[in-house]
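Please go over the structures that come below.
Both complexes below contain subunit A, partnered by subunit B and then by subunit C.
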Partner chain A sequence: MAEDPESSLQLPPSTAAEGEGPTEGSPETVTPEPPSSAAVSPGTEEPVGDTKKKIDILLKAVGDTPIMKTKKWAVERTRTIQGLIDFIKKFLKLVASEQLFIYVNQSFAPSPDQEVGTLYECFGSDGKLVLHYCKSQAWG
Partner chain B sequence: MHYPIGLLFDLLASSSALPWNITVHFKSFPEKDLLHCPSKDVIEAHFMSCVKEADALKHKSQVINEMQKKDHKQLWMGLQNDRFDQFWAINRKLMEYPAEENGFRYIPFRIYQTTTERPFIQKLFRPVAPDGQLHTLGDLLKEVCPSAVAPEDGEKKNQVMIHGIEPMLETPLQWLSEHLSYPDNFLHISIIPQPTD
Partner chain C sequence: MEEDEFFGEKTFQHDCAEFIKHSQQIGDGWEWRTSKDSSDGYMCKTHLQIKSGTTVSHLGTSALVQTCLPMEEALEPPLDDFELTETATATEVIKYEYHVLYSCSYQVPVLYFRASFLDGRPLTLKDIWEGVHECYRMRLLQGPWDTITQQEHPILGQPFFVLHPCKTNEFMTPVVKNSRKINRNVNYITSWLSIVGPAVGLNVPLSYAGAASQDE
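Up next is the complex of A and B:
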């Protein structure tokens, strides 16, 4: 897949240090985050073209949940839903006590330890996995 | 990962005699490794999500979505209170399929092995071949977990276990899904090394 920082950012590795990201903006506003501030530099990460290891995820906000400025992400298959939730919460600057729910097919919430690669295999379409995220339980 | 206890037994302790003696810890919860379930509601939510995921595979979520909230509740309460009839009054609808089809759209299954790093194998797999033949358990294994199936010339390396029994590999997968699924509507399959004794 094309290495286009604007459309398909690489998720920082799970061991990324805390406290990354811009300091401005409140959780309710969309804070622009330049690709270079992500904890990854393309040179040191595994090549994006290795389609076996990474899958494309499209994140869609539900209700009044803040919208991510970058919606499309290339994510390692072994990343868990919990890892993704933690990343989105950090990206949206939600406090740890706020909940975030992720849904597949707008119908079920996968287990937090589910790997995104498996979800992509079973529920992906058009080369990507669409996930809806919400601060409250949208689909029970 | 929170697995059904029968699955845990098959996977980890199948050579033990029943009843299974376990040690319950009340301190030092391994927060980093396991999900903490703070309340029964969390367990109910997790169970219902599994059922919904299974129906997404079987029926594109049509059956589960057509049910009312009280039906979902009845499914959970039937399981929680060990009420077979109460549970199956709802669950039987999840086991039906259109008359013109020969089975579900895809079979909800997870294959567990203690010898690999990945938590489990779950993929799309149809119960019926294009020519109308029913796929078997052996067909599934050959397709998604070929290393588990014994080579033609070699001896049997592994046991393929569901609910503590080894179904014949010729068993149609559709039948297994309807009759041997766990309450969450998934077939949880353990691949364990053949005992040497």
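Up next is the complex of A and C:
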């Protein structure tokens, strides 16, 4: 479950239109990536069988947290919350002493080892999972 | 339920009650206890954990699998009570206790916890850290003594470790403010516990997230 975040997260955002199901010929589709590659990539929707390997996540900042220029990401279902936190921290260039929390339903912090795929099943709607993130110096 | 500028004791008790309601629905084991001498009360949970080398198996219902998916799509049958997820080899059973009390001086909830082996030997803070999720370890190991202290439980009078509440407002305020902005009632206890819990090895099942805010 613990993948190396460096090699599996990529920058280009998902700009796919909302909605589930295969999107052939979607105007904003970037070149499809082979299924075995990166955990985060442009949001081409290529369902494998009945389940998509990646899910769309929309990241929203809470409070004084810096807003990410790219908000929508396609993320592998098995990516953990901790993996996502590490990614956002790097993306926002936070220092080690700063904590970042991710919330579902704008109120609940899933445990660090929770997989985003599960969160998508429980809280996703309109083909995406909305997660709020908040920077804080919780301890120290 | 009114959201005051601060988190008052009434709100604390109310939110704990709601939290416990959900806990009962999913068998998560939280209870409310009152002190004999006053109307003070606190929320507590005890759970047993088997530790074997680097793997940890939990005894008890796996609420995570049970409740967050629609009935028709349940991934797997719920674990039976006391069914182990993996066979443990060299094992130790550890009893963890978590207590949630209200701090009048900080006006926030405070997490008290302790752990012991079944024969009563208490675990040291260092032992407890081995159950703490990696992502918190690095930060906390830099100075757990700044953030975790051993104190006397205000009601039981026994020594517990305490996650210091001085920064609680800092990370809870954005959540509370945001909830008011979108006109949604957020259960402070649920939100707070979901954040601090993992830092001390306490799992708060995902199904609380659906109950954490009432909007639907």
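Simple rule for what comes next: the second predicted complex is superposed on the first by the 85 of 140 C-alpha atoms of A that agree within 3 Å, B and C clash if a C-alpha of one lies under 4 Å from a C-alpha of the other, contacts with A are read in each partner's own complex, and residues count from 1 in each chain.
As a working rule, a contact is a pair of C-beta atoms (placed from the backbone, for glycine too) under 8 Å apart; a residue touches a chain by one contact, two chains touch by 3 or more.
Predicted, not measured: the structure shown is a model, and the values here were computed from it.
Participant: After the superposition on A, what does A:97 contact: first (subunit B), second (subunit C), both or neither?
Facilitator: second
Participant: For A:85, using the defined touch cut-off, is the partner it touches subunit B, subunit C, both, or neither? Pick first, second, both or neither.
Facilitator: The answer is second: A:85 touches subunit C but not subunit B.
Participant: Is A:134 touching the first partner subunit B, the second partner subunit C, both, or neither of them?
Facilitator: Second partner only, subunit C.
Participant: Looking at the overlay, what does A:111 touch: subunit B (first), subunit C (second), both, or neither?
Facilitator: So A:111 meets both subunit B and subunit C here.
Participant: Is subunit A touched at more residues by subunit B or by subunit C?
Facilitator: C
Participant: For A:122, using the defined touch cut-off, is the partner it touches subunit B, subunit C, both, or neither? Pick first, second, both or neither.
Facilitator: In the superposition, A:122 contacts both subunit B and subunit C.
Participant: Which partner does A:67 contact after superposing on A: first (subunit B), second (subunit C), both, neither?
Facilitator: In the superposed model, A:67 contacts neither subunit B nor subunit C.
Participant: For subunit A, give the residues common to its interface with subunit B and its interface with subunit C.
Facilitator: 82, 104-105, 107-113, 118, 121-123, 140
Participant: Using the touch rule from the top, collect the residues of subunit A that touch subunit C in their complex.
Facilitator: The touching residues are 62-65, 82, 85-86, 96-97, 99, 101, 103-114, 118-119, 121-123, 132, 134, 136-140.
Participant: For subunit A, which residues count as touching subunit B in their complex?
Facilitator: These residues of subunit A touch subunit B: 78, 82, 104-105, 107-113, 115, 118, 121-123, 140.
Participant: Touching residues of subunit B toward subunit A in the complex: what are they?
Facilitator: 1-2, 35, 45-46, 48-50, 52-53, 56-57, 61, 64-65, 69, 72, 106, 118-120, 122-124
Participant: Would you pull the subunit C residues touching subunit A in the complex into a rising list?
Facilitator: Checking each residue of subunit C against subunit A gives 68-69, 73, 133-136, 138-140, 142-143, 146-147, 164, 167, 170-171, 173-175, 177-179, 182, 184, 186-187, 190-191, 194-195, 197-199, 203-204, 206, 208-210, 212-213.
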